[in-house]
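This is the structure I have questions about; it appears just below.
Going by the order they are written in, the chains are A, B and C; count residues from 1 in each one.
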Amino acid sequence: MTTTTKSAAPASSYKPDADGRLLEVDDLHVEFHTPDGIARAINGVSFDLHEGETLAILGESGSGKSVTAQAIMGILDMPPAVIPSGSIRYCGQDLLTMPEEQRRKVRGPEISMIFQDALSSLNPTFPVGWQIGEMFRQHRGMNKSDAYAQAVRLMERVAIPAAKERVKSYPHQFSGGMRQRIMIAMAIALDPAVLIADEPTTALDVTVQAQIMALLAELQEERKMGLILITHDLGVVADVADRAAVMYAGRIVARAGIEDLYAQPAHPYTRGLLESIPRLDQKGQTLAAIGGLPPNLTRIPQGCAFNPRCRMAQDICRTELPALRQVGQQQSACHFAEEVLNG
Amino acid sequence: MRGTTRTVAVAGISAAALLLAGCGGGGDDETTDTSAAKTGGSISVRGCNPENPLVAGNTSETCGGNVLDVITAKLIKYNVETAAPEMDIAESIDTTDNQNFTVKLKKDYKFHDGTVVKAKNFVDAWNYTAYGPNAQLGSYFFEPIEGYADLQSEDPDGEEGPQKAPEPKAKTLSGLKVVDDNTFTIKTTGKVSNLPVRLGYSAFAPQPDAFFADPKAFGDKPIAAGPYKLDSWTKNAEIKLSKFADYSGSDKGNVDNITFKIYQDSGAAYADVQANQLDVTDEVPASAQIDDKYKQDLPDRNLQKPVGVIQTITTAPAAVDPNYGPEIRKAISMAIDREGIIKAIFNGTREPATGWVSPVVDGYKADVCGEFCKFDPAKAKAQLAAAGGFKGGKITLSYNADASHKEWTEATCNSIKNALGVDCVATGVVDFSTFRTQIHDRKMKGMFRTGWQMDYPSIENFLAPLYGKGASSNDGDYNNPAFDAKLAEAAAATDGATSNKLYQEAEAILAKDMATIPLWYSTTTMGWSDKVTNVKVTPFGVPHYAGISLK
Amino acid sequence: MGKYIVRRLLQMIPVVLGATFIIFAMVFALPGDPTAGKCGERPCSPEYVAKFREEHNLNDPLPVQYGKYLGKFVQGDLGTNYYGIPVKEDLAKRYTITGRLALMAIAFEAVIGILAGVLAGVRKGRFIDNLVTVSTLFVISIPVFVIGVFMQYLFGIKWGIFPATVPSLEASTYSLILPAFVLGSLSIAYVARLTRTNLVENLRADYVRTAVAKGLTKKRAVGVHTLRNSLIPVVTFIGADFGGLLGGAIVTERIFNIQGVGGYIWKGINSRDGVAVVSTVTVLVIVYLLVNLLVDLLYGVLDPRISHD
């Protein structure tokens, strides 16, 4: 494997702080103004990310995970999205108050993102090498043939066989797993400090899933990137993540190291998620799904948003919003976190 | 002539009157206002694609005819204002008996190729046209001349299908004889009182020697003896004429160049006139005639004049359809609200007919039809009852659907239906050729529209070719020996007034039989650009191109 | 690809043969005697008719006529029309002008239509979008002869900016601008709408999100990524339209007095000029099929997901 030759890039002007902290999201709120009302997609989310760290953000659809990622990337459609308050600091600089032109230069070279469906996320009418090379041509002013050479290098890095011959092929000519690798190649092209992977393996077979996750882990290790893994599939992140944050109705309701989360969930929702993973030794029994549906974001229930579906809900849950508080090594936003932890 | 050939309105004149005019010396100096008109310059006029090559004896439609009009000179020409015949190439045409004519030519007329116009150029050309196998469309004009029948062959096509026709007995008309370079004689089979009047029609034009070598090629670049010569003809594009310096006649032409721009659509030509990119159009589209719009589009640059065209309704011959006897026809005629239809459909551009002859012709007598051509529903109903009622179920009126006849035929049918209480249906036939074929083959039943445009300005031209026994345009097979006898009498009369009176008496016979139902006379509408003036129309409904001048 | 082209060309042959035979049969089975119109309103003399029929093979039975005709056609002799002019000569001149007109109409269509569509799509819901939507609807609902006459009046007569009709001898490109615009007007409307719809749809596509996430400018994300995808159906539409325009445009030709292919066919039908009509239609069918083939190939070139084998 070729060594990690960093592309001939000017040294980034963004440097992590003394603790190696790259990203700091502080009390972020995001609303969508729709004809049906204001959907509160993110309601006070805070977390940070360090160099070399892998953070998993877990939750069902509608929990706000993708919106968080898109807010960080700055690719939300504003309108109808509105960010009324909060900050997202990258290497100390608030991305939300940055002028768009400057922000654009962060997007891609500094913070990049890969998406779930690589077939629709790649442009079907351009060769893959052209699309990868576009990063170099647009951000680094490289010429066409140099950019293609870089593309070949990256494709080899992500283990696409016969990269040189296939650099001019089109997305539809690759398998699902290969396409995802191409997306990854494109995302790491300019050595970003942060990589956000939004459901990177959901659309792939199980065996390919494992390969892609391994690749991501490898790249992260190599480049000391901060990696944010967004998924609803707890099975996938177990090996790769360091820490996890569970989101529900636009809030982080649990935060823990990955082993703690799995071994000792401190929030009823986390527990429910773990219990709902199908297991081979449970063959023939009913699947333990969490009853009910995620809330309508224009009408989030008062108190704890999870209360309509929670087995342990009490009156207080319906009136008082539980704060995210420390419970041992973890954090949990539940009035009865201790009970959950122990029982 | 049926349909769209050019006609000239001429005060019907007799040979004697012509003699007098001829004695005044050739090339009379009409004081037309050409003396005041500017000469020189170029104009463009509306043209259309001639159906056949430009051979004078083989052209019977306006596209070719209009061009031939201005490049040919004939024995006589027709005065633009009065339509009176005047000598052109002929110096004199003499006769004492309306049967033997002596034609003397002027000595100085030249063809466009420089050769001199001689008597044989006339005689040879006329023989060529009359000769059946040459299939010339103007052939029938020579019918009155002695020997015509010998130049025709029998149509051998029987049930077995088309066969080769046998050769005619002769190649030259026995009635034509060249006396010397400037004189020839004409002998007609019967008496023809208005022969000289007819001689201004283009079928009688002389042809240069060059014609006989290759008539077909000649048609693409004809040589004639008129005030303008043809310089070029680019098919589908334009025909260019220029003034012929050696024209000896008096009507010399004003502008130097006339270009006939060929248009497929009268609307496009009209648009060009409005934009002053075309100087004269002789066809203002119907859309521009509504509410006299054209008068606002082209203020002081338009005209509308009656022409020698009459529209009638003919009923199928009795052998084909017995339901339309003379008394029935009279009832139908009284049931047609001519004024109403003209106002509603034609915007007033027609005049109700009161007889079978166009008013522009000398010899015209008004109101020959009398009460039977006046709209009176009560009388019409009574007439129908007296005639025994209509036995054929419903009345049909057929028309060719490829021209704009649908509205007026429907309106006419409605008028008949309302007045008589008999159902009347206007029936379209897909196109003109099919329509005429059915009529010609005597397959068409009921009534059908017919139109007639005069070949030459004479009352006789509205009577003989249409109502004479077996005449070529007698679509209803009208046959009245008294009528034919009167025609012969009129043809023999040696003075104009008598001749006209006799023709009028013949017309009265038509009225008694209601041979056809007269409808109305037509008008022509023209417009021109702001660059030209002196645009006059001949009674044939054709612009007098030679007289147009630049402002 | 080569095999594909050959196969398509071979498929053309039965189509052309079938079409021409049908046209041939229809024209020669129509009622009406072709000589009747030639002699004004008087029936032609029997000699004239006999001569005419002999010259034009009208006395043979239909299949024999067709066979003779076909024999001459494959040798490049398209026959002579009833005016005595070789059809090939006429068609050469007329196709030149129809071709020029078609190209200019396509140019209008492409430039104005795509521009309007892109503007409308990018500024969806705003004034320019509504303007384009309403004006295209307007144009689509008005018949072409109304547009033609109106434009001729406004630009040719009233304001005199363009010639009111096209000169028959040498049609300058300037004089063709107005009729080309009229001809293209309907298609401009379709192209604009098609472009707009495709653009709007593609703007929501995932790969646009990716392009933005890559830190590309909005202009590039729309101009390069989206446009390329959106234009594929538009380009194929324009190609097909070109094939149709090469068939002539009867109404527009009449209004502006253009000596094009459409008017030629119309005149041929009217005067029962069988040879002219059949030959022209045959050429037309061949041209249209060829253009169709080119459009299909073009589609394959533009969209790499389509393969021709």
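The criterion applied here is as follows: a contact is a pair of C-beta atoms (placed from the backbone, for glycine too) under 8 Å apart; a residue touches a chain by one contact, two chains touch by 3 or more.
Which protein is which chain? UniProt says A = Peptide ABC transporter ATP-binding protein; B = Peptide ABC transporter substrate-binding protein; C = ABC transporter permease.
Only a predicted model underlies this, so the values are computations on that prediction, with no experimental measurement involved.
Comparing each chain's Cα centroid with the centroid of every protein Cα atom identifies chain C as the most central. When chain centres are defined as mean Cα coordinates, A lies farthest from chain B. Separating the centre of chain A from that of chain C (ABC transporter permease), both taken as means of CA atoms, is a distance of 54 Å. Separation between the centroids of chain B and chain C (ABC transporter permease), computed from CA atoms only, is 42 Å. Note on chain placement: the centre of chain A and the centre of chain B lie 94 Å apart, centres being C-alpha means. The set of chain B residues touching two or more other chains is empty. Residue numbers of chain C (ABC transporter permease) whose C-beta contacts span two or more other chains: none are found.
Counting partners per residue, chain A has no residue that reaches two or more other chains. Of all residues in chain C (ABC transporter permease), those touching chain B in their complex are 31-34, 36-48, 50-51, 53, 59, 83-85, 90, 149, 152-153, 156-157, 160, 163-165, 167-169, 253-257, 259, 263, 267, 270, 272. Those residues of chain C (ABC transporter permease) that touch chain A in the complex are listed here as 205-207, 209-217, 220, 225, 228-229, 232, 302-305.
Per the touch definition, chain B reaches chain C (ABC transporter permease) in the complex via residues 1-5, 49, 51-53, 60-61, 132-135, 137, 139-140, 153, 155, 157, 161-162, 164-165, 234-238, 261-265, 267-269, 271-272, 274-275, 277, 402, 430-434, 436-437, 440, 451, 472-473. Interface residues of chain A, counted against chain C (ABC transporter permease) in their complex, comprise 73, 75, 104-109, 112-113, 115, 117, 120-126, 134-135, 138-139, 170, 172, 183, 186.
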